[in-house]
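Below are two complexes that have subunit A in common, paired first with subunit B and then with subunit C.
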Partner chain A sequence: MPDWLTNIIGQDLSDGLAYITNGKHMMWYASFRFTIFAGIFGALCALTFGLLGAIMLNSNFFLFRLIGAAYANVVRGVPDVLFFLFFPLAFEQGVEYFLAKSNCTADELAANIGNWPPCPDAQWFLGTNEYLILASVSLGIVYGAFCANVIHGAMKSVNKGQLEAAKAYGMKPMQVMLRVHIPQMWIYALPGLSNIWMLLVKATSLLSLLQIADIVLWADRLGAPNYLKQVGLVHPDWRWKYYLVLFLFYILVTFLSERAFAYLRKKTGKGMVDEAVL
Partner chain B sequence: MSPIIELDNIHKSFGSLEVLKGISLSANRGEVISLIGSSGSGKSTLLRCINMLEVPNSGTIKIDGEEILLKGSKIKREPANLAQLHRLRSKLGMVFQSFNLWAHKSVLENIMEAPIHVLKRDKDEVREQALDLLEKVGISEKANAYPNQLSGGQQQRAAIARALCINPDVMLFDEPTSALDPELEGEVLRVIKLLADEGRTMLLVTHDMKFAKEVSDRIIFLDEGIIGEQGSVKEIFGNTKSERLKQFLGAAGH
Partner chain C sequence: MKKIILAAAIAVALSSAASAQTVRLGTEGAYAPWNFIDDSGKLAGFEIDLGNELCKRAAIECEFVANEWDSIIPNLIAGNYDAIIAGMSITEERKESIDFTQDYYPSDASRYAMAAGANIDFDNLSGIKIGVQGATIHASYVEANLAANNTVLSYETADQSVADLVAGNIDVLLADGSFLDPIIEASSGALKFGGPDILLGGGVGLGLRKGDDDLEAKLNAAIDEVKADGTLDALIAKWFEKGPFYSN
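For the complex of A and B:
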């Protein structure tokens, strides 16, 4: 801390300030970017999968309906933690399987039976960024199944006469979908989607399962009893304090989300519901 | 000149209920035809068959001499050529009983929607026509309002403007005043009368005998899925032949 600042705020505060701005704390703060990225990118994936799933569920073709129903029902039943562990691993090994097919020689394969990957050239190294993207896509797949269900229900709530009018005026099925059906569906889907969003936000705390040094992992590390040889015990078990900070972060996200959804309701409800209700 | 609409032997069933039992009719350009009959007589279904909102189980429909291509048979019958269907539909201006203005769009956007996105016409030109039409139906001041801010009568007039803006060959009205309070009916009927006087081709499903008398060139009485009787206003109201029609008109107060 610079002397002039210490003079103003006093030694104790200055020490505290120095502590919470040290290198490790800075890394903790920076790790919020993983959580925020996973939340936003995961939500975009979920919405995309949800829309596709709902359109399939709504389709006239039996096969599409079957795929949509399988997605919505099977994936909703799998625990998110399990899927979170399963998908990135399965995806990684799937890629490595194909790499092995093209990159490994027969000798290498014979020598490496029982090992994975079967040869060094088939290894796909995943860094934090790759894991983060795979984790977000996992979130997207899991919560997309819930979105598909909610959006499908919302699409059914749209007044049939609205769609009939669109058909009667010569719109193609895709135009009916994009110009009338989907724009009118949002107001019915938003309450359900906001629930899913909150669940997804909470699930971002699972990132550390994939060895991503996220906010939870750092809170764990920083809060653990800290003993240095030169100075003795720096602090005892402070994890609860760090977890408390995370609580506050998630509550702030909740608060901002509520505001955002209120805005979206106003926007998508225009003309659809009474102004007084919005 | 060939008829603008020709229906030949149209059959339509919903489940085991046969609603239309072989109906043939043709409408000439400039003709105003009212379809009357009791509830369940199939008049709305017949109108909805013309633009394939209901696909007839058998029979053919020609719009301006062009037959709407269908494939399959019975309940699996469906339009065979979607491009043709979309093209022919945009020649028919449909006005629904419950208005069906697109709720998420303003009145002006509703009117401009099909001309721009289906007919691919120039936006400025469409806007000009839309504003003219709003004036014609008497709700210019509501151009930027949403449908749910309008009274039923205003909504139906907006819906008529929407139909007119595609420059349709035929206007189809499906009980346009049945969802309206009696005091709001008048404003809609005045607009429809205006269109009839302009010489537009119109098919009108209605319960309003007084109005049918006033605007129609020809009246078709549907009775349990077949044409019970048809003719000019004079023939239908002045010289009723069938017992069924006499009964129906008696019940309707004529």
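For the complex of A and C:
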């Protein structure tokens, strides 16, 4: 801290300020990027999977409807923590299975029955970036199932007359879907989607389960009591203080999300025939 | 799917190319003064100093990786790093899954810590709450010998177990004497040692994947050197005032 600042705010506050801006804390602040990335990329994945799921649920073809229903109902029933642990591991081992088939010699495979991976060349190393992408995709799959259900309902709510009019203009089914059905569906889907977004944001606090040094892991590390002067500031168990900061962060995200969804609702409601929903 | 596999294959090729040049050392980063994250956010401690010294002498380039304690052996075997340097005691149980170098810290007694006012009958331990860090020699010892008549609580990190001892959630904590020593000193009379010292494990060594003989030989030679010229004892003195030392 520069002297002039210390003079203004006093020694205690200055020491405190120096402590919460040291390298360790900076790494904590920087780790918010993982959470933000997982939230945004996870939401994009969820929206994509949700749209695909809803289109399948709305399909006239029996098999597509079955796949859509299976996705929406089975994945919605599995706890997100479980899926979060299951999917990246299953994906990793799946990739390693293919690598083992192409890279391992028959001798290595025979010598390593029961060991995984069967040979060093079949090893896929997962770093933070790989885990972050797999974690976001898992979030996408889990919350995509909820989105599919919401979007399916919203598509059913679109005024039938609109679709018939589009058909009467000579649009093909795909054109009706893309030009009329999906654009008009958003206004009905937004309230449900905003709920799912909130759930997804909360689930981003699970990243540390996948060895990602995220905001929760750093809060644990920084708040853990320290008894040794060599290590740094000696302090008792301060984890609650750090968790409190995380509370505030998530409340801030909630607040900003509310504003963003209010804006979207206005925007998607423009020119809608059915004024009742606005 | 083919593209994903291809991308994965490229990722593997890149990561194995990188690991050919540098040796990655896995540590916990939450076991002061052995290994911890310092105020600047970097790994520091006895084992970071020692690891850098050993790598310099063995003429290999090293890089530290932080990994949670309870997955530190599986992730070594999975190849996320090439050696464990994390205050890990050499035990027969662990030798079944990994190899060890020779010890770089003498066998150190495990000790019980407790609140200063506690009065515990160690000849006849029953009905008390014993805390340990999970997947440690202390956890195995307590599970095998004391779990029948007592409640055993196992913690992810050593810091958490100390926090719970201070908070009064456990009656005693079994941990490395060298880890507890500075904590009890810093507690200014709130905590004390008690009961018998228990000798577990055969010193602390670096953990290696089985069959990684080349790296094992290099590290063993480097440990021989630092033991012989007193560098190791100097490092122990720097981080653990009271030793134990290799020379007398």
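Going forward, the second predicted complex is superposed on the first by the 267 of 278 C-alpha atoms of A that agree within 3 Å, B and C clash if a C-alpha of one lies under 4 Å from a C-alpha of the other, contacts with A are read in each partner's own complex, and residues count from 1 in each chain.
Heads up, the rule we're going with is that contacts are C-beta pairs under 8 Å (C-beta built on N, C-alpha and C of every residue); 3 or more make two chains touch, one makes a residue touch a chain.
Nothing here was measured: the structure is a model prediction, and the numbers come from that model.
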Touching A:V201 in the superposition: subunit B (first), subunit C (second), both, neither?
-> neither
So, A:I182: does it touch subunit B (first), subunit C (second), both, or neither?
-> neither
Just subunit B (first), just subunit C (second), both, or neither: which does A:Q230 touch?
-> second
Examine A:L190 and indicate which partner it touches, taking first as subunit B and second as subunit C; both and neither are also allowed.
-> neither
Please work out whether A:M272 is in contact with subunit B alone, subunit C alone, both, or neither, and reply first, second, both or neither.
-> first
Using the touch definition from the top, say if A:L52 reaches subunit B (first), subunit C (second), both or neither.
-> neither
Touching A:C147 in the superposition: subunit B (first), subunit C (second), both, neither?
-> neither
First (subunit B), second (subunit C), both or neither: which does A:A168 touch?
-> first
In the superposed model, does subunit B or subunit C contact more residues of subunit A?
-> C
Looking at subunit A, which of its residues have contacts with both subunit B and subunit C?
-> none
Please name which positions on subunit B make contact with subunit A in the complex.
-> 51, 53, 82, 86-87, 89-90, 92, 94, 96, 98, 100-106, 113-114, 117-119, 146-148, 162, 166
Quick one: in the complex, what on subunit C touches subunit A?
-> 4-5, 8-9, 11-12, 15-16, 29-30, 32-33, 36-42, 66-68, 71, 78-80, 157, 159-160, 162-163, 166-167, 182-183, 186-187, 239
Subunit C contact footprint on subunit A (complex, rising order) = 22-27, 95, 98-99, 117, 120-121, 123-127, 130, 211, 213, 221, 224-234, 236-237
Quick one: which bits of subunit A touch subunit B in the complex? Just the residue numbers, please.
-> 159, 161-162, 164-173, 175, 179-180, 183-184, 268, 270-272, 274
